[in-house]
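Structures follow.
Each of the two complexes below includes subunit A, the first together with subunit B, the second together with subunit C.
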Partner chain A sequence: MIKKQSFLKNKTLYWMIAPAVIYFFVFSYLPMAGIIIAFKNYSYVKGIFGSAWSGLQNFRYLFFTGDIYYVTKNTLFYNSVFLSVNTVLQVLVGIILAELASKSFKKVAQSMIFLPYFISWVVVGAFVYNIFNYEFGSLNTFLASIGQKPLDVYGNKEVWKYIITMFKSWKDIGYGSVLYLAAISSIDQEMYESAHMDGANIFQRIRFITLPALKPTMIILVLLGISNIFRGDFQMFYNIVGSNSLLYKSTDVIDTYVFRSLMKLHDFGMAGAAGLYQSALCFLIIVSVNYIVKKSNPDYALF
Partner chain B sequence: MSRRKSIDEKIFHYSGYVFISILAFLCLLPFALVISGSVTAEKSILMDGYSLIPREFSIEAYKILFKAPESLLRAYFSTVLITVSGTFAGLFLIAMTAYVLQRRDFKYRNAFSFYFFFTTLFNGGLVPWYILMVRYLGLKNSYLAVILPGLFNVFYIIIMRSFMKQIPDAITESAKIDGAGDFRIFLQLIMPISKPSLATIGLFMALYYWNDWFSAMLFLENESIFPLQYYLYRVLNSLDFANSAVAASGIPMPKMPSESFKLAMTVVATGPIILVFPFVQKYFVKGLTVGAVKG
Partner chain C sequence: MLKKIVLILLGLFALSGLAFAGGQNEGAADGSGELKPVKLKMYLLGDKQKDFDMVYEKVNTKLKEDINAELEVVFLSWGDFTNKYPLLFAAGEEFDLIYTSNWAFYAQEATKGGFLELTEEMIKNYAPRTWENTPSSSWEQVKINDKVFMLPYTKREFGHFVYVVRGDLMDKYGLDNIETIDDFEKYLDVIAENETNMIPYDDGSEANRFMLPTIGINYANDLPQQLSNDFILGYNVYDKDGSVELINRVTMPEYLEYAEKMVGWNAKGYWSKNALVNKTRSKDSFANGKSAAAILNLGDANTLYMELIKSHPEWDMRVFDATDGAPSMPNPAIQNGMAINALSKNPERALMLLDLFKNDREYYDLTNYGIEGIHYESVGDEEFIALDAAESFPPVSACPWGWMSPMERRLVGGLPNYDEILNNWEKEAMTHPLQMFNFDDSNVKNEWAACYNIVQNYDSAIQMGFGGADTAELYNEYVDALNKAGIQRIMEEMQKQVNDFLSK
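Coming up: the complex of A and B.
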């Protein structure tokens, strides 16, 4: 009786939350059940639940070809590099912007650095083409104008690590430095004044006042980065590298691999297996990172 | 604050200005290169390549682009339709969900919150989702396929919920005494008060929809409903697609300026974002900061 009353009293609230409940049921929980496709020999006609079971065949294939090792390695490698390079650059830019005195310079510079965040990866793909294209690229035009030989960037596996990292930073520095700048602006100015009185130079003030104050923001962002370390940025890799199979060994990440298996090879079972493998890794890393953080410093726990 | 700068501060500030200036320059350089390339004569590009300052100025590519602008306009129309409807519908639904979740008298709010939050920890991945959309929901070639993926976002629900928590209960209580129902309180009282955070989250959602091409690539095959970014993607990456876009203008094929045309298309597709950017930037900054504190 009491239960019924509370339901009736809140009836409108249940109606109001219903769309979200249904949405997440359909678009998140149903696909979770659909991961059994990884253990099936998928046939479009029979659907996920009607298709025949195939045991671990999809996984065997996935690990047998060895592809899964290098895409996992690449995913881990790129995300670790992005995380470290971006954190250092974002903190650095945040600190410098906070210290500079000219308000108008700061404003203009910040806008310019923030702008790339708003551009789609498709447009970034156009930029990459415009700069590195062998025949007409601006880079080779420039090299020719100073009497150097043109570079064949698309035929060189090694340089893409740097190009991809460069564009990732290019796009994300503005976003991150805004976060750090906000954290800096909440520091009590008097701390700097009194440190100055005591004879601390600017580097000491940054080292002992600013950096410690940025620690919480830094830790949260790094933890978020680590929890997503097995998720490749599909849009970035797909637009910068494209479907250039020469470069797969050094630029293919789990997400592009799953996409290609699905959309180009139409191997639903194997793509599903690779997807499940990734989801499981993501889940494990998030839960364990959170567990460790909760044990050592509950303030930083993600959930 | 007007004390004289010591030597260490001078060093830091000068190198700081130099560093930030170089960085800001590098951030704008690709934009400048693309704009310059789009106004360079095709034969100059074919001979000497792209450069920062056009060797031979020409607006031929733009002339062709605007000679037969139907498909470009259609792509713009699709993007605007998707962005506007997705953002408004999503904002309304996210706010409504957040409102229920922060109501202290809503008994199962924690269970529901976990139900939503869990989806950020574990998901079925691309394949089952794709099959669901295409085979079971039949959303191939439908605007819904592009709108639905961005409609809800758990983090926006969380941010919205913590914002609404700060609204004093007294407002809701007094409305209740006057006999207003929960939905009316939400719509007529809570929504207007939440305008600042709605604006911020709305901008992030609009940016997502404007820049999204992934769902279009997965689900749309009908060229006439391609949104802008996917249209641009096809022009850049598929020679046939670019050719047919140029051919629509009636210019004979051999003279087709495909290199400058690609870049002109990039400029036209990016233009609105750059124009709107100075006006909305501060809301994004505010949103990022709020999100970081509450996260």
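Coming up: the complex of A and C.
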């Protein structure tokens, strides 16, 4: 009875949430039944449910060579680096933009920083190639013009960690900093004014007002980031590393590894197995991190 | 009266979608004016040419007259045909004709029941000229489980490679011939030393394997393309006692020898330091004047020659056989072909269309070379000249490969030594004993996936000499990784199936 009343009372709200509920039900919950494809010897003719069971056969290629451990490690490593570097830079840029006095400059700067977000990785991959190409790249052309020796970037395994992180930040800073900028603009201006009266300088204001106020946003964004920590950014690695097999050991993430293994086989079951492996890891990590957050401060937890 | 019976019978075929024919030859030949109008849908591979619609409008006008059919063509682009092709069948899409080949799902779809079986009766009735013009050995070659599913490729062709070099530079540095890989090395060497603004041979990550045939691990060792797991497995054709023993090429001493030679080539700068990520084909680099050599198949080299003779006659492009005297193998009859969808409603009309495309001069010329006077000018029955508009419909490019036949015309003004090279290959030609062998990978899928990954990790880097001083170490790592990933199991399984196949 009470439930019905509450439904009637909040009718509009329920209607508003309905599209989202339907969307997730249709595109995220219904397809979950397809998980069983990872345990099947899938054939088009028999379909997902008609195909024969194959037990854990489809998972074998991931584990029996032991490669999955280093690709999982790489995935975790890169995503942790991206998450921490990006969070720091995004907060920093958000604060700088907020503190800037000139409104027009702020707008222009914001758009410029945001722009790379819309550039496809395919195009970024072409940038990278044209910058670091040994014979014709802009970097070496520039070095030659000032009388320096050319750099063999493609032959150097060590620098690619930094190049990849750099491009990832370059692309993602704009998006995140806007989220933080929005959070900053919702901070009560009176706090800043009274701090100013008490003689706090700009760094003290940032340290004691802005940063604590951003904490909840930061935690939520980091938690969301962690939930995808075992999913490699396929597009980025595929387009920046490309076919440079010398880098595979240090840049292979789960997604690129699986792509290369199965490119010729077209086996849906084995691809499904890799997907399930990632999902299971992501699920575990988000549940445990969320649990820890909840323990220390229930207000910040996702669920 | 007879005509009426024929018409009724044809109508029945159309309705049932089954095609059992019984000697109604005339129906196809002269009763066409009274055929029921049908629409045919055909899938081809590649990207649609600019003038494609213009050309096929002509084709359609003729088809309407001849067999009262209207043809719609859909292209599956190179980028994603490997995904889309099987999906057409998986989704039960209704269409009539599709291009197929040993590298485009022929065996897979035929065994899965995607293609319609073409019985002798059907072919004799609806494609009589094709039946007459195709040698029986070609029909044998396209058989899968004793059934024919495609009209075979009847053009004799070799997929071997040639060295493409600049004549002006050869003259400049006093080189007069390239016969072996060492001659090629000498050429690259003088370029690297003297033409510092050029990359001697702008190899890309996809092209390095072309070097293998030049050192004795040659084409003849390849298993049919889709089985070779990207060139790890081969077999020794030089054992002529009839047995076919599989070998892991990576463990052949020649492989390491080759790898070490390439370290030298790499160090001397024969190709770019970023060759591993280079996506430009060596052909394009050569055509742009950025590099001094390319390795291409003969047909490709011929087309390039014709382009360059116009734009850069001073380069004096020359071509030399790169097979180094190894046995050559003509492309098999399943290299290119057309199949009919099992779900086609008008298989007999589709066959009639193919018969026209394959054997009728006018259809053949239209679909291969475009419109006479706009795209090409014919010279006799065997040659043609490409006109300027050929850019919008390049000769033999709009995927007519499925119905190519000895009616092919040759471009006037092609390579002067084209015939010489071809004749040499023809002399050495042998038939691949495993041409029709199909590997069933279901027992070794996991090993296959693991090995395939490893090949991509090491093979290009080693073959292009990027291992540097550590090549031997990298090579050992490669062999170990392959062993760990179960290459042995794949070979045992494949050998077992090969033995079964040969004993049949």
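As a working rule, the second predicted complex is superposed on the first by the 226 of 303 C-alpha atoms of A that agree within 3 Å, B and C clash if a C-alpha of one lies under 4 Å from a C-alpha of the other, contacts with A are read in each partner's own complex, and residues count from 1 in each chain.
Keep in mind that, in the parts below, a residue touches a chain if its C-beta (ideal position, glycine included) is under 8 Å from a C-beta of that chain, and two chains touch if they have at least 3 such contacts.
Just so you know, these numbers come straight off a predicted model, no measurement behind them.
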Just to be sure I read the superposition right, which of the two partners does A:Y154 touch: subunit B = first, subunit C = second, or both, or neither?
second
Kindly classify A:R60 by the partners it touches after superposition: subunit B alone (first), subunit C alone (second), both, or neither?
second
Could you look at A:S120 and tell me whether it touches subunit B, subunit C, both or neither (first, second, both, neither)?
first
Of the two partner chains, subunit B (first) and subunit C (second), which one does A:G242 touch, if any: first, second, both, or neither?
both
Looking at the overlay, what does A:F303 touch: subunit B (first), subunit C (second), both, or neither?
first
First (subunit B), second (subunit C), both or neither touched by A:T217
first
First, second, both or neither for A:G275, with subunit B first and subunit C second:
first
Across subunit A, the partner (subunit B or subunit C) reaching more residues is B
Which of subunit B and subunit C A:I292 touches, first, second, both or neither
neither
Taking the superposition as given, does A:L262 touch the first partner, subunit B, the second, subunit C, both, or neither?
both
Shared contact residues on subunit A for subunit B and subunit C?
44, 129, 133, 135, 242, 262-263
Which bits of subunit B are touching subunit A when the two form their complex?
6, 8-9, 12-13, 16-17, 19-21, 23-24, 26-28, 30-31, 33-34, 37, 45-46, 48-52, 93, 96-97, 99-101, 103, 105-107, 112, 115-117, 119, 121-132, 135-136, 148-149, 151-152, 157, 181-183, 186, 207, 210-214, 218, 229-230, 232-233, 236-237, 259, 262-263, 266, 269-270, 273-274, 277-278, 281, 284-285, 288-289, 292, 295
Subunit B-touching residues of subunit A, taken from the complex the two chains share
6, 9-10, 12-13, 15-17, 19-21, 23-24, 26-35, 37, 44, 47-48, 93, 96-97, 99-101, 105, 108-109, 111-127, 129-131, 133, 135-138, 140-142, 144-145, 170, 173-175, 178-179, 182-183, 201-203, 217, 220, 234-235, 239, 242, 255, 258-259, 262-263, 268, 271-272, 275-276, 278-279, 282-283, 286-287, 303
Which positions of subunit C touch subunit A when the two form their complex?
82-83, 86, 89-90, 112-113, 199, 205, 229-230, 272-274, 276-277, 279, 441-442, 445-450, 452-454, 456-461, 466, 481, 484-486
Flag every residue of subunit A that touches subunit C in the complex, lowest number first.
41, 44-45, 57, 60-61, 64-65, 67, 129, 132-135, 152, 154-155, 242-246, 248-249, 257, 260-267, 270
